[in-house]
Amino acid sequence: MLFAVRMDVDLPRDLAPAEREDLVARERAYSQELQRGGEWAHIWRIVGLYSNISIFDVDSNARLHEILSGLPLFPFLRIEVTPLTAHPSAIR
Amino acid sequence: MLFAVRMDVDLPRDLAPAEREDLVARERAYSQELQRGGEWAHIWRIVGLYSNISIFDVDSNARLHEILSGLPLFPFLRIEVTPLTAHPSAIR
Amino acid sequence: MLFAVRMDVDLPRDLAPAEREDLVARERAYSQELQRGGEWAHIWRIVGLYSNISIFDVDSNARLHEILSGLPLFPFLRIEVTPLTAHPSAIR
Amino acid sequence: MLFAVRMDVDLPRDLAPAEREDLVARERAYSQELQRGGEWAHIWRIVGLYSNISIFDVDSNARLHEILSGLPLFPFLRIEVTPLTAHPSAIR
Amino acid sequence: MLFAVRMDVDLPRDLAPAEREDLVARERAYSQELQRGGEWAHIWRIVGLYSNISIFDVDSNARLHEILSGLPLFPFLRIEVTPLTAHPSAIR
Amino acid sequence: MLFAVRMDVDLPRDLAPAEREDLVARERAYSQELQRGGEWAHIWRIVGLYSNISIFDVDSNARLHEILSGLPLFPFLRIEVTPLTAHPSAIR
Amino acid sequence: MLFAVRMDVDLPRDLAPAEREDLVARERAYSQELQRGGEWAHIWRIVGLYSNISIFDVDSNARLHEILSGLPLFPFLRIEVTPLTAHPSAIR
Amino acid sequence: MLFAVRMDVDLPRDLAPAEREDLVARERAYSQELQRGGEWAHIWRIVGLYSNISIFDVDSNARLHEILSGLPLFPFLRIEVTPLTAHPSAIR
Amino acid sequence: MLFAVRMDVDLPRDLAPAEREDLVARERAYSQELQRGGEWAHIWRIVGLYSNISIFDVDSNARLHEILSGLPLFPFLRIEVTPLTAHPSAIR
Amino acid sequence: MLFAVRMDVDLPRDLAPAEREDLVARERAYSQELQRGGEWAHIWRIVGLYSNISIFDVDSNARLHEILSGLPLFPFLRIEVTPLTAHPSAIR
């Protein structure tokens, strides 16, 4: 089941540099593990912003919430979730 | 070069059924040809709406405009274009 | 899988009364069949508006889209879909 | 009398962890007591957000305000209240 | 139980003058009967607009919906409902 | 001359409790004096919010500004002012 | 008593040219009479729009509503009213 | 050349009282000098807000920017600029 | 004096094809004459929309209004005007 | 390939003056180097705001993101990107 998710990151300015690096590194590892597992199907950077548009392919709403609320950057994200389904004109 | 494009369709109620069918059929053919050519990389239906989220992979802004303004449904679409680029955490 | 769906109805003024009655009657029958089947779990009227807030319990995004796009009033609805999941404080 | 209530939680980053845990625990207890009493009829988590959609069944506006303004997390909530009534198509 | 209700009127330009006069006359009679009965506690015109702000004092959400959806102008109104309760600083 | 005024209170979290109590007490006294004088004709709490809707009956715009800008909570309020006049359907 | 009023004109495309000319001529005469009387203190065109920003100097809210609702173009205007008062830094 | 400018002031709560007084005094002197010179043609307070609507009469966009960006309160202002021109119905 | 102007075109569907072609042809001629004269300094199409972003270089607000309100497509445009001035970092 | 980019600067009040000067100086140098290289084709100040509208001429979305995310002021900017293409009426 597919969902489009937009994430806008807003890291507080007073985050200690080490904490910031750690957060970003953990976010990357977390994302890449889910990409390898197939649930985080796509991730793209939005040009000019500290934001991404992602496609998730999960079994349920509950699983999507588990993934998103577990993001290391979750407290610093504005998240929009759009449920998707197959388009009748899609060839794949 | 990647772009996320959201299209919301608003067909006028007084469109003759034959014209409507023709428009939708031509839209589908147009989309599928571009999907086969690789420029229309993804198309998904948004659940509950007559709308789609698509990913285009084109050589230039000019080409994207040529594709979008050539859509048979173009006069009936609200379109939002978001330029994308590779995300540093993407594994592909 | 649960979804909150808000529907705002905007029937055109020039709809023939018979067509209008027919639409509303078919909408009701359609809704009640899905309520009896358990997929349309709740429907409430919003006070002062020709709108409802509903809860759907379906197996997939695809099924929710099938239900919503099949509504007899679909061409006259503004629809917002919000994916839900269990709340950790819920006792049921 | 039914009301839909959406609550978006925004806990300040500098809340002491113990205070935070205490607040969340008290919020849960408070909610569950009202759920058991039947006034807090439903609570669902919104996927991807620190937010809920709830249905309250109370005797009056005054009682709803008493409940909401008494929430331990009240100072950290954005709240939207939508009055509901029975829908003519509802089968229950 | 008190509610603030804002109504913005948008009468279609092609309404026949007789139908328009009839609608407005029936709206006035309807409003005045509810004012005399005490349920429509206040009604004020917003300066410069074809709009009003009203206060209703009713027994339930259901009754408020019955009143509002029964307004002769209902199909031509944009309505916003805000539930109210006693303010702790009020002297009356 | 009548005005509808909505006030949304946003007290900063780090306000000292004593200062907060003092502010709220002074706000109440200020409001009640104006209520007794007749200029602050109505005040209602909005359900679920730290907000009120009030009706002021004053001689001039200047007097209304004097009243509002003199509120002890003024620095912490978001205020919206809507000028009102008699409604032709009002019976009082 | 001063008010800033913004008016955005939206004349329907199918207005007969003679009716349109008549409306605009009557609007101008109406405005100029109020300008000469001093109640319509200023009127400026907004660059690039069929809109104006005006300053009214009237005795009451009721009088301002009488003026605005009497505008020949009233059915075709979007109007925003902002109550003003003397600024402490003004030298006049 | 005329411009309508709206300024909303948002002074930070932790501004030292002396600094605040000094800022406001300098703002007033700055404004009054430009009023005497004729470039700041009008300034009105918006009722209930720490905001003003002003009319500037300057030779160029560059001069208007010089004036606005030189305001002592500039870092604490939200500013909206609307270019104006003569209205065909104006009698002056 | 520079202004950024965004124009969104919304041609009514029932415009006769000949009238539409005539309008668009006159719009082009009008624009190109002003481009040759230097007042319409730039015009770009927004990708995916029937919209443009333009830069005008004119002597006054009055002249800009004369140009914009004289556009053959003016009745079908939504226009936003943003006054510009030299940027201190510009090298030209 | 052209893009319109709007940047709104919001420097935190507690930035040390030296750090602020350094940031602004580096921003200017960064911008001017890209202007000389031709990729930052235009930059204009928006009148009354700490904002600019710029035109970029770059080879790809990726290059635009590299430029924008490398801005010394990037953490303090709100950025909007609008892809552009040649307008059919442009004479250049």
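The first chain written gets the first letter, and so on, giving A, B, C, D, E, F, G, H, I and J; residue counts start at 1 in each chain.
We adopt the following convention: contacts are C-beta pairs under 8 Å (C-beta built on N, C-alpha and C of every residue); 3 or more make two chains touch, one makes a residue touch a chain.
Keep in mind the model is a prediction, meaning the values are calculated, not measured.
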In contact with chain F as well as chain J, sorted by label, we have H
Separation of chain E from chain J in touching-chain steps, minimised, is 3
Most remote chain w.r.t. Chain A, using mean C-alpha positions, is G
When centres are defined as mean Cα positions, the distance from chain B to chain I in whole Å is 27
In whole angstrom, the CA-centroid distance of chain A from chain B equals 23
Dist(centroid_CA(chain D), centroid_CA(chain H)) in Å evaluates to 44
Chain G touches at least 2 other chains through residues 2, 45, 47-48, 61, 64-65, 81, 83-86
Touching pairs here come out as A-B, A-C, A-D, A-J, B-C, B-I, B-J, C-D, C-E, D-E, D-F, E-F, E-G, F-G, F-H, G-H, G-I, H-I, H-J, I-J
Seen from chain E, its contact residues with chain D in the complex are 1-3, 60-62, 64-65, 81, 83-86
Per the touch rule above, chain I residues touching chain G in the complex are 5, 12, 61, 64-65, 68-69, 75, 79-81
Per the touch rule, the chain D residues reaching chain C in their complex are 2, 4, 27-28, 31-32, 35-36, 42-48, 52-53, 55, 82-92
Given the complex, residues on chain D that touch chain A span 13, 45, 47-50
